[in-house]
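Please find one structure pasted underneath; my questions will follow.
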Amino acid sequence: MSSVSKGIWSNFARRSQSLALRNRNLQKALLSPTLPHGPVSLKKRSSKDKYQSPIGMDEIYPLAYQYLESQSEKTYKKIEEIEKQLEEVADSTTKSQLKDRKTQLEVDAEVNNPEIIYNSLFGTNSIDRTQPVYRHYLEKQWKDYGRMLIMQRLETLAVIPDTLATLDPQVDVRLKFPGNNIERWIEPGDILSSNATCRPPSLEVIEFKESKNDLYTVLIVDPDTPDVENDSFSTTLHWGLKNVALSNEDGVIDAKKLVGNPEYEFVSYLPPTPEKNTGNHRIAVWVFRQAEGKKVDEGAVERGSFDIRKFAEENELTAVGAHLWRSVWDRNTENVRKMYGLGRGRIFSRDRN
Amino acid sequence: MLHLRGLATAASSNGSIPINLIRTSLILSRIPIVTPEVSEFDAKFYNYQEELEKRLMWTFPKWFYFKKGTVAEKEFTKIQKYPIPAHRGVWFPKGVPELKHGRDRRFKQEVTLANKVSEGDSQDLENVSRPITPNSRITEADKTNDETSLERKLPRTLYLLVKQDGKWKFPTFQVKDDQVALNEVAESGLRELGGDKINTWSVSGTPAAVIKYSNGEIVDEGHEGVVREYLMKSHIVAGQFVPEGLEYKWLAKEEVEGVVDPKYYEKVGYLLSN
Amino acid sequence: MFSALKSDLLGRIQNSVALLTLVRGAHKKAGGSKTYMQDSPGKRLGPKKHEGEKVSVGQIIMRQRGTKWYPGSNVGIGKDHTLFAMEPGYVRYYLDPFHPKRKFIGIALGKDERLPYEHFDATHRRLGRTVLENPVAAKREEEYMSRKESLALPEILKEKGIRDQRRAAKIALLAKRLPEFIPELDDESVSLAAERLGAIDGFLRGGKSLEDARFYATYNYNYDLKLRLDATKEVTPEISEELKKKYAELVNIVDSRVMFDAKFNLCKNLTDEEREQKKQENVAALKELIPDANIPVDKKVKIQAWGLIEDTCFSLSERLHLKRRFLKPVLPESAELLGDEKTKNTVAISRMNYDTRRVETVYRLKKGFLGQRVN
Amino acid sequence: MFSRLARRQLPAVRQLQQARLKRSKAGLNPDAQRVVTQLSVMSAGRKMPKMLKLCNEDYVKHKTIMKAWSVRRKEQIREEEEVLKKQYEGMKEASEDLKRVNERLFELSNRHEYGKRFPLELRVPTEYPARQVWYYDYVRKREE
């Protein structure tokens, strides 16, 4: 059976191979008017047998595909023109403008491609983040849910302004604790047991702009450490990473990367071990993008009474993303303290005076 | 400036240029007689939408339209093709049917209506109950491609072109005196050319566009001695255009493009409808 | 106008007459008005504490109807909108530019603090708890459990006991089986290797890949070792270095010899190349064994094919795929696989024929089905 | 009007409720039956089709079709607007030119035409043509 695609969307001479569907049968289904191998995405044999496509779809689909493909071809022509202009222009501001325009056009050219839509709807975990169109879809999904969720948690739990003044999220930050048997992404604000958090977490920073070798700083702080002297609270630094190079392809900060690059860690991981009757401690994870070409050179930093605002200002750090979990005293906390040689924790009075 | 000088010069002419440099041209159109052709894309899209709608439609409430036990109900029931019901212990390879009120809920419902055949010849106009057969959208003129006919290309707008001074163009007339409006000059000129048996409806007295000629060539800017041709729009309502010794054609937009001077088409193309 | 007024008045009179006669009418529209003798005692509303006054927790600052004043920082609001102090401090009456139409009452923690606090500043909070210095009291407090916790604890401990037991049993089993694959290990190494394999097994069940599971098993061991060196100072640097080296050697041996298959059974390790090769060999063998999957084969062949499919080199999804390819649960209908009547060797299937719209009975030979699990 | 209807149907409804309780074999009385039939036309129960579930491939195809339609429509509207704009510009240019060239003709062209109406003889396009496609024998009315 011949493909419905007659143009640019089946031509991979200048387009990346990641813009195609990896599963051949699925690809064939999207490139034919009907489903030549049946509904591949359905798993059960009986549901495969029962399934019937809507009537009339096989007739209109090739026309719709070809129409959108021809529109995409026009957009690719425009991209070529911009590339020519880019070669001629020397001025940096017009150059960056042209580049932005080009990225936008690259999104427009592929945004209606059925294969891309399929990948971004059903294969978000394995899509190529170097392609602007995939980043466009990822950003859309994140803005629809993830960004709102993290802002709601940060605000209702008063992490802003208790740590930093405010946040304009630009990246999606995901967090998990791979030292445990069960690996799952932590939802912002979850209360985790002291056992779950006893080894360092791993993070994934998903950038939506083009990013090749940006440097990032990660700080994990606890703003709820009791300060008995002043009858108040202070902030403790639990983990500090600096000059972490991340890109669109690889945004993961995990044990493998840290074993290979021990210079990233400037303050080693200290698990949250709240003392009894000090309530739920908010453990905020802040991800900063460093100023372009500027490295953070911090020697030893005091963990206790850590001033995150001052630190960010001194090192010209811009907060781009955040995550948080909560921790509370439990029956295992003393074991974790022992493991880290922290000594027994204090016991506070149950009632406030 | 020009305007002031125009007022000052001649009492007979109120204009800045002599009246013999002003002409008026008539875009006479025949509006479509049948509905436009639906493109392939549209037709298939409408079909797809219709099928989806039918699939999602509620079951036809037969009991509301046909009283139980009546002849009409029996006749209706008889001609329906009911889907296969489910049986216990029987394997249905295409899935178990789910019947409710005689309709398989998984698919669209096909309601067959009694096809009452009318008697007689459809051309027999005396017979009131003759069967209805629609006339063809393609006429004799379409088959012979008679470009002088008004019955050609029924779904399209046709425009009248005449051959004046060896060139195909919209009929153009000289304005002789500025006491008669441009459209009136054009209308009367048309009747002088093609006879009195024509009914037209002039859209407006305001010109739709202007074309400027200098020494017979179309120019963009007005120089000295430029001839101006104002285009007026009008529709033919009834009658016909029968000139003596003058070639004329009724053409659709893309045919106009093929016949007239490209420069001329550039000036008038956007006034014509697809 | 006048007539309307008149009719209204008339209506009222009639209604009041009706009221006299009919006790439970549906419309008690306007039964006259009474504006005298409606006084009630004063409700003693108003401020109870004033600007700058010192308050302690729970003291009432303001009684009001509705929120004439809103609760600001460290002030709570009751169900009748009474404002009360939630922290000891000094009362402040203030306006907040973020809510221009509201008036607030707040508690400043310090005598000289002004309200509202800067919007983007960290919130001013008071700890309000003391450290229990008395060891007896501290111990009592540490052992204190809420009712919910004390009810849940026995169940949790029981579960934990079972889990620990199961875990110990698993490690013991691994330790027992390990010499089958690596006979040269001494007892100490076997128990360490079993610990490691137990951890890898847990990671695999949690969804990690084999490579990741091995990495994190090593990483966790080294991390704990580093903590014992740096944090708790249980070991000296020399011993730590030695332990690390020993473990690395053990990891080398164990990882090159054993691994887990798709169903978490211990088996011989396969490198990626070996695995690929084995896969190709097995598929070739399967093709030779069952050239056409649509022709029935005897039970012996089925068992043999099953053995090839269940080999350690295949993942679960690959096994399923191969099973669908070579060992079809039901073979397609063909003339050889159809019987004529009901016998011991046939199965009767009634099936809908969509062309004739009739139910038809098909007799299929039993050898056309895979049957129950053959191994 | 509604209240009258309601009052008329009230006994019928009551009858219906009683009938449900009794489950008599004889069925409902005609009034109650009529209410049941009328209500059943508007109610979804037992008349709704099964939910339309598309597999992932067909869902993407459906999205593609709808997107193509909307992009096409947008393009058509844009083209139409462009032509309209051009026509307006042409009209404006011609009028201004005429005003500059000949004031008198300009006034005549903008004169209000009293009693002008849309010609009733112009016919609306139909799906199929009439038996007589065009009326040729037009004779001009003699002017008084």
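Quick notes
All chains are identified by letter, namely A, B, C and D, in their written order; residue positions are counted from 1 within each chain.
Definition applied: contacts are C-beta pairs under 8 Å (C-beta built on N, C-alpha and C of every residue); 3 or more make two chains touch, one makes a residue touch a chain.
Worth saying up front: this structure is predicted, and the values here are computed from it rather than measured.
When the C-beta pairs in contact are tallied for B-D and for A-B, the bigger tally goes to B-D. With centres computed from Cα atoms alone, the innermost chain of the structure is A. In this assembly, the C-alpha centroid of chain C lies 52 Å from the C-alpha centroid of chain D.
Remark: chain A and chain C have CA centroids separated by 20 Å (rounded to whole angstrom). Once the centre of each chain is set as its mean CA position, chain A and chain B turn out to be 57 Å apart. The set of chain B residues touching two or more other chains comprises 41, 45, 48, 52, 55, 93-94, 108. Each of the following residues of chain D touches two or more other chains: 52, 65, 69, 72. Within chain C, not a single residue touches two or more of the remaining chains. All chain pairs in contact, by the document's touch criterion: A-B, A-C, A-D, B-C, B-D. Chain B contributes residues 40-41, 44-45, 47-48, 50-52, 55, 93-95, 107-108 to its touches with chain A in the complex.
Looking at the complex, you find that chain A touches chain D at residues 26, 29-30, 35, 39-42, 51, 53-54, 57, 60-61, 63-65, 67-68, 71, 112, 114, 117-118, 121-122. Within the complex, the chain D residues that touch chain A are 52, 54-65, 67-69, 71-72. Listed in rising order, the residues of chain D touching chain B in the complex are 37-38, 40-41, 44, 46-50, 52, 65, 69, 72, 83, 86-87, 90-91, 93-95, 97-105, 108-111, 113, 118-119, 121-123, 125-131, 133-140. Of all residues in chain B, only 84, 87, 89-94 touch chain C in the complex they form.
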